[in-house]
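Common to both upcoming complexes is chain A, partnered first by chain B, then by chain C.
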Partner chain A sequence: MRRGQLFGGIAALAIATVVFILPFLFVFLNAAKSPSEASQPSFAWPSEWQFWQNLVDVVQVRDYALLLAYFNSIVITVGAIALLVIFAAMVGYVLQRRPSRVSRVVGFVALTGLMIPPAVVPTIWLLQEIGLFKTLHGMVLIQVAYGLSFCILLFRAFVASIPRDLDEAAIVDGATPLQVFFRVILPLLKPVTLTVIVVQSITIFNDFTHPLYYLPGSENITVQLTLYNFQSQFTSQLNLLFMNILLITIPPLLVFIFFNRQIVSGMTSGAVKG
Partner chain B sequence: MTQVSLHDLRKSFGAHEVIKGVDLDIADGEFCVFVGPSGCGKSTLLRMIAGLEGVTSGTVDIGGQDVTHAEPSKRGIAMVFQSYALYPHLTVRENIGFGLSLARKPKAEIAQEVEKVADILQLGPLLDRKPKALSGGQRQRVAIGRAIVRNPGVFLFDEPLSNLDASLRGQMRIELTDLHARLGATMIYVTHDQVEAMTMADKIVVLNAGRIEQVGTPMDLYEKPATPFVAGFIGSPKMNLFEGRVAEQQGCDVYGIRPEHLTVSDDEGRWKGTVRHVERLGADTILHVEAEDIGTFLARIEGHRSYRPGAVVYATPDPAREFRYTSR
Partner chain C sequence: MTQKSPYPYWFFLPAAVIFLGLFIVPTVASFYFSLTYWDPFEARFAGWDNYVQFFSEPFLIRGTLNTLFFAFVTSVLKTILGLLLAVLLTSGIFGQSFLRSVVFFPVLVSTIGVGILFQELMHPTEGAINVALAAIGIDGPGWLTNPSLALFSVALVDVWRGVGLATLIYIAGLSTIPNDYYEAARIDGATRWQLFWRVTVPLVWPATTTVIILSLIGGLRLFDLVWAMTRGGPGFSSDVLASVIYKQYQAGFWGLSTAGNVILFLLIALIVAPLAWWLNSKELDA
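And then the complex of A and B:
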């Protein structure tokens, strides 16, 4: 039995290494190669390490487009996450706490957001009409719209686990509905809020297609689009492409590593009775 | 003056009426206990007084003012919940001071008030802990502290002791009674435990199926229960209630006699029966007796007298303590 467990553990680690570590290693190795070497990507060790030189080249390309892209992507991600957390938590709270005909309709509308695939052309048309096409805040709203349904469902399920007595105790203590939400409920939503932040920030930061549709223009470039522009212009310079991949993989990785512990510690708090 | 008056209070959930017209006056400084079986509407009635549940018809007056449609925080009440409802993310200090901080009181004043309450309830050393680091009794004290700090005219307790173990419950009963004497505030207390009702109340309100069965002092209800329901509910062990032939022989529909008002003898008495179970409580012993002609009844005897299951005994009711109920 113990030998079986050992064998199973080694097998699992081996598979995880192949799936998660090897691709990263592949990118890392090829990002350090010279253009000619990288034109045929392989696991071969670079004959000459050009890591720093490639990094500088990638950052400088197209008048520091990568730095602008970082700025744009961070603005979009932070803005969208802030709105998502506030709105999804509020809607989820009201939907769970006040069952009525209106909240049932709203709940259904939220669900349709998951069921009905978004149509790109009408959305662009609408954005143009209200003057939000090709703007960062327009992109923020698009990301909020795409993520809201899922987040509402998450928050609503979590609010159900918070005893209603807490709301009532706060009401008796003199809290207005907004104070009940912001001072009692929202702090208790921390675990699910962290989940939403991690899942949605990685999704939004890594989003390639939506910025491609809704955010054209070189001044609006986002990190994932740097790959696309890159490839069309420097098809022979795969080393820079790999370096670019490496650079834009780091922020989501940091988010996950940083918040992962918080999620686990957050999950164990919040008990009311014992 | 914070007396509480309810006039023809009713509450329906859809077509289902749960409170069916309650009239009640609770005097200033009184300790009033709502007691009844689960589902009788006692918690709903309390929540209507608190303003957490809407009123279908009727009025609620607190301190001479009609508060039927007032916000809970504007009624001069404080409530202690069965689950304690402490805010898990706040320390004990912040929990107690929460209401004051909502009212935007100066920080120094909040700190002073919280210290004062912590002194009353001996919570001083716990002030910087979170609720999850407290025992059940300590949590209950914090919940009471959060009520006291608001300095309400009326305290509302919704089964506050039912999550505590038996010995702690006994201790908290004494503490609550002391607290009532010390604060002199009106208190309304909901419980399904008639022992809590008997030991703490100035006035007991027995509720059954959304109606008041009887209102009175604990001893009133024990000595003069107005209905068979009250007779069966108040007192432990329960009163023996007989219907059918036994009651007919007594010229009534329901005949009742308490276990402690039966004289048990080995050789003579009105009812002859066989002992089925013996519960020894130390000071007293409860006999479960099965009699051929009347069925099973309980009798309470002194602890030092011992019977074995199967023994034949005779029981005679005390004529002055018999209850006869006739339905109209």
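And then the complex of A and C:
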């Protein structure tokens, strides 16, 4: 390592610390303060640490709303991802294996989902008509609809790397299309499936806008909405607000630590022309 | 009857039902509903009234212009800063992989959390940013309370939050440039400046296209950060189309809200589609 790289690195570290790390330290410090100290949040060290006390307090607010929110968010995330993986993999597989006019049209329609903003009020109207408004399973289906385009794209690209001989061998042996897909193809899609799971779980867990529109009601609260609801209630208890931010940042942080590689490959797909 | 394909089209069916039913149908319906006086109880045909209102009420015009301003500023900053950071973080500097993680992490954090955090940091008198500025003798502005600055402040926070993704995409793009190109140019006596403009920028162009398109779409559609930080205020000074859509929905003006949705759709289609085509054509020349 040259000297320039060392000094450049130290300078970059110093700037990155100020710009990107201090804000998180700010959250952490103020999440540990007493309400009066946190009423003017600053970088001052807490005179006494009441981290655990604040954690207990914020969990108990509004009859354990945060726990309910965690439960709802996990149900939505897990449900949506289960459907997304199966349905998007089926589409990506046939799109890649069967080039035809039908496939081109389907591929184009799927792409529109990456660009078009959802028409929110007509969607609410539709959900009301079919009885899915304000329901967790309605929210699951919405997240599936909004996530499909991205997942189909990833799956289609990955299927191209699986040799056709494998499905043909299974077909010759008399396997039905479903058997070929579930027994031969789906197991081979494991790497891209993991990428899809990681990226989509963060996206859905962090989604604020769509639950705000489609899932109103205190019994339907999701983690991002807790922050929003507490924002007005906690004006005198900013320590709890910061504790809340901290608590809902932990799941993405864990995913980031353990699945860094999948996040990088999922989020940069399309950056490099393949 | 032809032989059955081993790759049947009905594999599209489950995804198609959900996607068409919950995404395409409402999108198509939005064109009709945007032409109605629509509230929770009834929809009456209104012709172009909602659109006329959208382009005659000053606060609605402001929302549209703000949306364009926001998308433009954030895209430009993310593209430039993303490329510079990516070049820095692939140059083999000390602490490189740690720095990459640090720059990227805000992408994964709750937007509402980021919004609340910066709302506190940008407080005009007690916020940490202005306290720090005061310490070096600068009288910091009212980042979110000054109507002519509020939207720009939100844009800066959006860049802080999103530049990590642009950097990541650029790092992936840079890693595909063969080292030989740099070697050859260096032997020909190219300066570092020339290397950057003549080798890096043209060869990383596919990544630039991706960053610009992603940032523009994200910027035009942005809702959560504005809502967490300013609710469109002070007044209507930081309203964007997405926050107007939400406010009109809340107020019961469903037709007007849906017209805003259609305008947003048309803006994205009219800006992003030609731009993507143009950027891709530049790629062939490079």
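Just so we're on the same page, the second predicted complex is superposed on the first by the 246 of 274 C-alpha atoms of A that agree within 3 Å, B and C clash if a C-alpha of one lies under 4 Å from a C-alpha of the other, contacts with A are read in each partner's own complex, and residues count from 1 in each chain.
Quick note on the criterion: a contact is a pair of C-beta atoms (placed from the backbone, for glycine too) under 8 Å apart; a residue touches a chain by one contact, two chains touch by 3 or more.
Owing to the predicted nature of the structure, the values given are computational and were not obtained by experimental measurement.
Look at A:F43: by the touch rule set out above, it reaches chain C but stays clear of chain B. With both structures placed on the common chain, the touch criterion links A:Y228 to chain C but leaves chain B unconnected.
Of the two partner chains placed by superposition, only chain C is touched by A:F87; chain B is not. Looking at the superposition, the partner that touches the larger set of chain A residues, chain B or chain C, turns out to be C.
Legend: residue contacts after superposition of the two complexes on their common chain; A:F256 is shown touching chain C, with no touch to chain B. When the shared chain is aligned, chain B comes close enough to touch A:A169, but chain C does not. In the superposition on chain A, A:Q179 makes contact with chain B only, not with chain C.
Within the superposed three-chain model, A:G217 lies out of touch with both chain B and chain C [touch as defined at top]. Touched by chain B in one complex and by chain C in the other are residues 171, 270-273 of chain A.
Residues of chain A touching chain B in their complex: 163, 165-166, 168-175, 179, 183-184, 187-188, 190, 269-274. Listed in rising order, the residues of chain B touching chain A in the complex are 50, 52, 71-73, 77-79, 81-89, 98-99, 102-103, 131-132, 135-136, 139, 146, 150, 163.
Chain contact summary for the complex, chain A toward chain C: residues 1, 5-6, 8-10, 12-13, 16-17, 19-21, 23, 26-27, 30, 40-43, 83, 86-88, 90-91, 93-94, 97-98, 102, 106, 109-110, 112-127, 141-142, 144-146, 148-149, 152, 167, 171, 177, 180-181, 202, 206, 208-209, 212-213, 223-224, 227-228, 231, 238, 241-242, 245, 248-249, 252-253, 255-256, 260, 263-264, 267-268, 270-273.
Across the complex, chain A is touched by residues 5-9, 11-12, 14-16, 18-19, 21-27, 29-30, 33, 38, 88, 91-96, 98-99, 101-103, 105-113, 116-118, 120-121, 126, 128, 131, 160, 165, 168-173, 176, 206-207, 210-211, 217, 220-221, 223-224, 228, 242, 245-246, 249, 254, 257-258, 261-262, 264-265, 268-269, 272-273, 283 of chain C.
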